[in-house]
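Shared between the two complexes below is chain A, which has chain B as its partner in the first and chain C in the second.
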Partner chain A sequence: MTSAALSALLGHWRKHPGQALALILGLAMATALWSGVQAINSEARASYDRAANVMGQNQIARLASHDGQPIALADFVTLRRAGYLVSPVIEGRIGNGPSAFRVVGIDPLTAPLEALPTPITDGRIAFGDLATSDGLLLMSPETATRVTTEGLPQIREIDEIANGIAITDIATAAELLGQENPSYLLVRSDQPQGLPPITDQSLLRYLEPELTSDISRLTDSFHLNLTAFGLLAFVVGLFIVHATIGLAFEQRRATFRTLRAIGLPLNRLVALLAGEMILVALLAGGMGIIIGYLIAAALLPSVAGSLRGLYGAQVSGELAFDPVWALSAMAIALLGAGFASAQALNRVRLMPILAPAQPRAWAMASARAQTIQTGLALVLFGLSAGLAIFGSSLITGFACLAALLIGAALALPVVGGAVLSGLGHLARSAMAQWALADTRQQLPGLSLALMALLLALAANIGVSTMVGSFRATFTGWLDQRLAAELYVNARNETEAALVLGFLEDHADAVLPYASADTRLGGLPAEIYGYSNNDIYRDNWPFLDALPNAWESVESGEAVLINEQLARRQGFSLGDELRLSAGWSLPISGIYSDYGNPSGQAIIGLDSFKARYPDVPILRFAVRVEGDSATALAAALSEATGLPPENAINQVEVKQLSLRIFEQTFLVTGALNVLTLGVAGFAMLTSMLTLTSMRLMQLAPVWALGQTRATLAWFELARIIGLAFFTFVLALPTGLGLAWILLSIVNVEAFGWKLPMLVFPMEWLRLLGLAVLAALISAAWPALRLSRTPPNSLLKLFTNER
Partner chain B sequence: MNVKSALTFLMMFAAPAWSQGFAGLGEDAEGFAIPQPEPSFSFPQDHGAHPDYRIEWWYLTANLTGDDGAEYGVQWTLFRSALRPDTAPAVWDGAQIFMGHAGLTTADTHFSAERFGRGSTGQAGVSAQPFAAWIDDWQMTSTATGAQDALSALDLRARGDAFSYDLALSATGPLVFHGQAGYSVKSADGQASYYYSQPFYEVEGVLSLPQGGVSVSGSAWLDREWSSQPLSPDQTGWDWVSLQFDSGDRLMGFALRSETGPVFTSATWIDPEGISTSYPDGALTLSPLETSQVAGREVPTRWRIELPARGLIIETTALNPNSWMETSFEYWEGPIRATGSHTGRGYLEMTGYD
Partner chain C sequence: MLLSAQDVNKSFSTSEGDVVVLNDASLSLDRGQTLALTGESGSGKSTFLHLIAGLDRPSSGKISLNGQDLSQAKDRDLARMRREEIGLIFQQFNLIPSLTLAQNLAFQARLAGKQDEAWLDHLADTLGLSDLLGRYPEQLSGGQQQRVAIGRALAAKPGLILADEPTGNLDEENAQRVMELLLALVADSGAALLLVTHSTDLAKRLSRRLHLSHGRLAA
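Moving on, here comes the complex of A and B:
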């Protein structure tokens, strides 16, 4: 009995292979996008864990010199002989370009446990091995393949070490980097009893652990972004599955009835259907895993590049296959399939054996359901508004986004119905009235697909607005901020003097500047000393400034701060900023500073020199005729021996910065396109679902004299109208999304706010795409309709369905 | 992960310890200098370091009594270990490693602390003239004046997580040389070290404990030893004792335990004027009487020590049986009290109990 029933049920798929394909593909795509994003996120997280675990230095306080140069060895010994437990580290870069890596030389004899990599603490590597006369470099296999430098000590590959880093004994590092003095000292958190606090000594600057911030906190927003997209795609995919299962159920109603009538127990029928669903889920899940892996592998290098450029985070560009990830993807597929088919299964359970098929009833939503949906939509809009006003973290920002999107999606059928009945009052001809009424009837069945389209369009509008605003603002800001043509960075004071001498003869203006790390308002920040010049006065990207802001800064009477500092500490113009003990200045200007996670303040160079006499002035902004910048840089290099990479053309800096941001948006762009594709597919399957049922509604109209061709054109017109309507709803939703992204999410994540710019041409393009997607999805059903043999239309009047 | 296992990588010797005697001290001397019989010492130079020998130490133990009447034991040790015989001039060179151990024992608590440092940076080191041995802020500095031997007056300091001490030592007797004029044999195979002591210190100072500071006074004993392969590969550890009897005599004795062979003992008897007599293997016997569970091990904390040649039959008991040094190389070190034919106080060290 069971096998006969099974073959009867499966026979349906054989007869309608397109449906089977839609079902499997829909679930597979949903799983693929979700699991692809998860794979990227977990790969990144694993990289951060490795970096944090191996070095542990993010959690350890440090001592550094006041001027950022290496610490005198004698200072280290002095501190140790005073009883403080500090450990020296010599750090530096070896190699150039992609084969460059960072050498970190630690002293295992004095290092705190958290700073020792696992292979040393678990005894795999003995001190004797590390401190052999030739030395040993510990690095991950991925770093080892990149290294091209000659004459390095022996390399030992250790998986747990973060990419781009080689850990070694401090003696080896000292020899490799030619640097005897420690770069900084690690400070153990528990110092011996009876000593004055180490923060009291003034020999060196004490840097708290938070200064070397936890990388995963910085990159949270990026990963949340990706997760949101994955979730969106998954939800859209589930719509497809739900639609297809609903159709299959309707078409197989007769089969169910027959099977029940000849004696198949209800429970067994439900079990067979459930089993069928599980099989589909497993198959689709498997496909989804493969596709997801391919998507992730394709996107990961871009993601890794963005993270490296934006945050300095080292993420592996190679995707490791994680069985846990595959299992969770399969579980999601099963869950999604179960969720989507629950309603249908329940109806099978409750269906009276001899009930006739009622496809219309399925397609229609009851008035009560409509009310509930409206209420829910309003609640979500309210929630979104509430979160926007009162929310204060990244999570609430994204929750606000989600509430807006879901509210809009739920509101779509309700608003659509209202619009259509409103239009219905205006309609004059019978055909028009019929078309509008028919559309209203069709709306619930199509609503899922239209919701999917709405979400995809809104996401597209939102993200492209954000990206566009960012690009436009950022380019303009870079022009203002990097107003000088050339930026020169000398390596030491002697070189600085040579460079200055050369440039004073050959350039229009030489503007030295310098910076020091400090704490402003209790948080880590940088303080810069600038010498005044027209280019700053004319170009500086102020958000708000007092008149003569730069003049007052130059004379040492005021200070400028960046947007991040102003926003985080609540400063405004005229407030006093405490720069150090006993030294405060009023704020005369607030400027935008995109891309900088910490606070920044600018004072006049003379004041800076007076306050930080130990900091050498090694950096210069050089003004020269635009096209002679490269020539000047080359001449400077030759005359003073300055390495070419220490004289940067402003054009290069801009290109580099833009490239990093472009890479980031490449990823979101790709996900955008994929999501839109999934939505289009959802629409296609919905159309196919409904077409067979629509014959009941169309047959009478045909019988009254309308040709099949006319009816087909009406179908097309209807779908275009619906797509247009969805776009109209998507536009404000998308703009709301963009506003939330720019004003809330971005501000929470980075501390700076971009102005929102609109791009109407982009909207037109998207409208065209939406209509095109609708047309493609409706073309085939319309064509089939126009080709339906009159016989089948007639049959509808005689047969029950 | 406990601190001990985390630091085991710092085994100076890359090879597994058990096949090379305790703490790898039985490892082959490859390239290092080897002690020779009939040594002649010249001071103050020989109070300093001997880099061409692999292992060396400055080892001080003190029996103290506080002004509250309680008994205390203090240990201050600086070990020098060379990874290679050559001394490269590089600043961060890891060839000469210094390890400091400090201990403080009371009747109920035992504190221990450990430090490591490279000799080449100046974080740790020993200078012979003027004599100073240090690692971080731990110091053993000579305060001797004029023609006095450098070790006859010392300033001693150390600090751990929960304790510290500051002691002044002054010697009331001469240096004592063990074995044959300072050439001390450790096994039947002939492994030996250069070994001398200053056992005549009187101590005054202050201990700083979690419950507060204590003024203390008492006596102390300094051991100086250096060699390149002091143990033979089958020797698993030793029990060493130093005793200052109420009669004014002093005793140094050790028993080296072997996997394969019998125990090898050696002793030095020192009379109150500083005249010493060395006793060869077999003259001294150490017999464990009672063991205690210490740090998960069975360790004998009550001993019978007999030196028939001097009519010595005594029993020693530990002030605190839990005197376990929780350092990279773990061992038992604590103050003891002697009863029997002679009475007095001293220190006991037991290594190789796993």
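Moving on, here comes the complex of A and C:
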């Protein structure tokens, strides 16, 4: 009996292959987009883990010189003799261009355990192997394939090592880099008791471990962003699955009733249907894994570029196949299919054995269901507003965003019904009245596809508004902030003196500046010393400032801080900022500082020199007339021997910054387009599956005196009208989304708030895309309708149907 | 002559070859006349009615309505004729579920641009629908729905009413009432009625009768 019943149930899919395809493709696309994003995130996190294996990630406190030069061996010896547990590291770069890599030479015997790479701590590589006279370089397989430098010691490929880095014994590093003195000293956290603080015993610069701003924390918001988009695409895909399953179950009501009537137990029927869904999920999941892998592989280089540009995080551009990821993708496909079919299965479970076999007025929502939906939408809007006002974390920001999107999706059929009803009262002609009333009746059947379109459009409007606002603000900000024509970075004090001497004769103005790492409000931050000049006074973009902010900074009476620091610490103008023990200054200005994850403060250059006498002034902002910056840079290099890359033209900086910016939003843009594509597919499948049911509504109107061609045009106009209506609803939703992204998510994730700008031309483009998606989805059904033989329509008036 | 069908043939192609449904069928009908077309199931009654309604085209032969040849007319002209000159009543009612009863009643008249409020009121009154005008088809009984369908067919005051088993889905009491109303209103409007039925009792109530058997007409 079971096999006979299964054959009867599966017969439906043989009869409706398009529906089967829509179901499988819908689930496959949902799984692909979700799992693709997860693959990217997991690859990036694996890269962070590899990076965390290297001391370059500042996980351990260290002592370094103030000018970035190697420290004297004597300093190291003194500290060791005094009993401090410090370990030397020699670090430097080998090679040029893409084949360049960083050599990190450690002393395995004295290095803190957490500084050693995993292969040494877990015993895969013995200390002795690393310290052989021939030397040994540990590097990732990807780095090993890029290395072209000749005469290197033996290379051993280790997966856990971050890309672009080679770890070796300190002696090997010294030989390779031609450097005897340590680059810095690692300071173990478990120093012997009774010793005075190491900072009291050494004049070296003490750098605390940057626990609060390590790479994975910084990039969390980026990955959360990707995950949110992956989830959105998954939900949009599930709309297709839910709609198709719902329709297939409706169409098989007669079969269910017959099977029950001839003795198939309810539990077995439900089990067979659940089994059918599992089969579909396994098939679609398999396809989703393949498509997801391809999507991830295509997007990963862009993501790696974004993470490098934004955070300096080294992420591999190549995707490794991970069986755990594939299994989780299959699990999400099964979960999605279960979620999408739960309602339909429950309806079968509760269906009385003698339930009418006619499809219900296809999912014509009852008044009660409409009321519940309206109530739920209002609750979600309220929740979104509440979270916007009272929320204070990245998670509440995304929850606020999700509540707005789901609320808008739920409100769509309700608002649509009300609008169509209102228009119906205004309609003059019989056809217009019929078309509006008919569309209203069709709305529940189409609403899932329209909700998917609404979500995709709102996401596109929201993200494009955010990116556009960001781009416009960022470009304007760069123009103001990079007001000097040339930025020069000398390598040492001797060179700085030469450079300064040359520039004073050849430039309009030379503005020296310097920076030092510090901690402000308990977090790692940078402090800058700037000389006062009209250029800053006239151009520097302040979010808020007291009168004569720059003058008070120059005179050492005030400090300027960036927005990130102000928001994190809740600072406002006039507040006292503690710069170090016994040194506080009032805040006279807060400036925007896009792209910088850290806090920053600016003091006068004289104050800086007094507080940081060991930090040499090596950097200069140079003003020159017109477009002579390039010529001046060339002359400067020639006269002083400064490497050309140390004199950067303002135009190049802007281009680089904008390139990083565009790269950052490339992935988001790609996911947006994919989501819109999935929504378009949802509309197409809905239209195709509804076509056969539409004939029953259209045939009487045809019989009463309309041509098939007229009805086909009405069908097209109806779908375009619905797409337009969906766009009209998506517009405020998308703008709300943009506001949440700009004012809540950005502030929580990056620490800066951006003004919201609107881009009507972008809206027009999206409206065009929505109409195009509607046209494509309705064109084939409309064409089919216009060519339906009268005989097929006549069957609907006889008992043959 | 309002309606004339001469030597009408209709056959359908199937995988097993051509199936002849109508074989040289001819009839004529004038205003005010009522004609019953009887026959067994599958005898071709509905097919003949559909050809006369311009819903399908004959394989050969000629059908004229008010002197216009339906077999040669374009789709657009056929649609106009159905709107303005023909009233169709189906066994399955075929009301438009998204429109109220009042909208359904007036639908064809409005499509034809012949809306006459007094006539619509009269129809609603006569058919006993005046209190139900705000309801939707799904809220009506079968008998009530068929009365709406009759009203809709007559609303544009067409010259020809074509009814395909109009009582086939109704119980005896409702069938009697619907037929009485249909005949009374057809007489009232002066239209001609061509009724397809397999009930000889029902056919007897009409002025003329033709029997269709294996595609051939006989008196």
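Going forward, the second predicted complex is superposed on the first by the 690 of 801 C-alpha atoms of A that agree within 3 Å, B and C clash if a C-alpha of one lies under 4 Å from a C-alpha of the other, contacts with A are read in each partner's own complex, and residues count from 1 in each chain.
In this text, a residue touches a chain if its C-beta (ideal position, glycine included) is under 8 Å from a C-beta of that chain, and two chains touch if they have at least 3 such contacts.
Given the structure is predicted, the values throughout are model-derived calculations rather than measurements.
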item	value
First (chain B), second (chain C), both or neither touched by A:E175	first
Partner chain in contact with A:A126 - chain B first, chain C second, else both or neither	first
Touching partner for A:G83 - first (chain B), second (chain C), both, neither	first
Chain A: partner with more touched residues, chain B or chain C	B
Contact footprint of chain C on chain A as seen in their complex	361, 429-431, 433-434, 437-438, 440-441, 697, 699-710, 790-791, 793-794, 797-799
Sites on chain B touched by chain A in the complex	1, 3, 5-6, 8-14, 83-84, 86, 88, 90-94, 97, 116-118, 121-123, 134, 136-137, 159-164, 208
Chain A - residues contacting chain B, complex	73-74, 76-77, 80-83, 85, 90, 107-110, 113, 116, 120-123, 125-129, 131, 133, 169-171, 174-175, 180, 190, 192-195
Interfacial residue positions of chain C with respect to chain A in the complex	12, 46, 50, 53, 55-57, 75-76, 78-84, 88, 90-92, 94-99, 103, 106-108, 110-112, 138, 152, 164
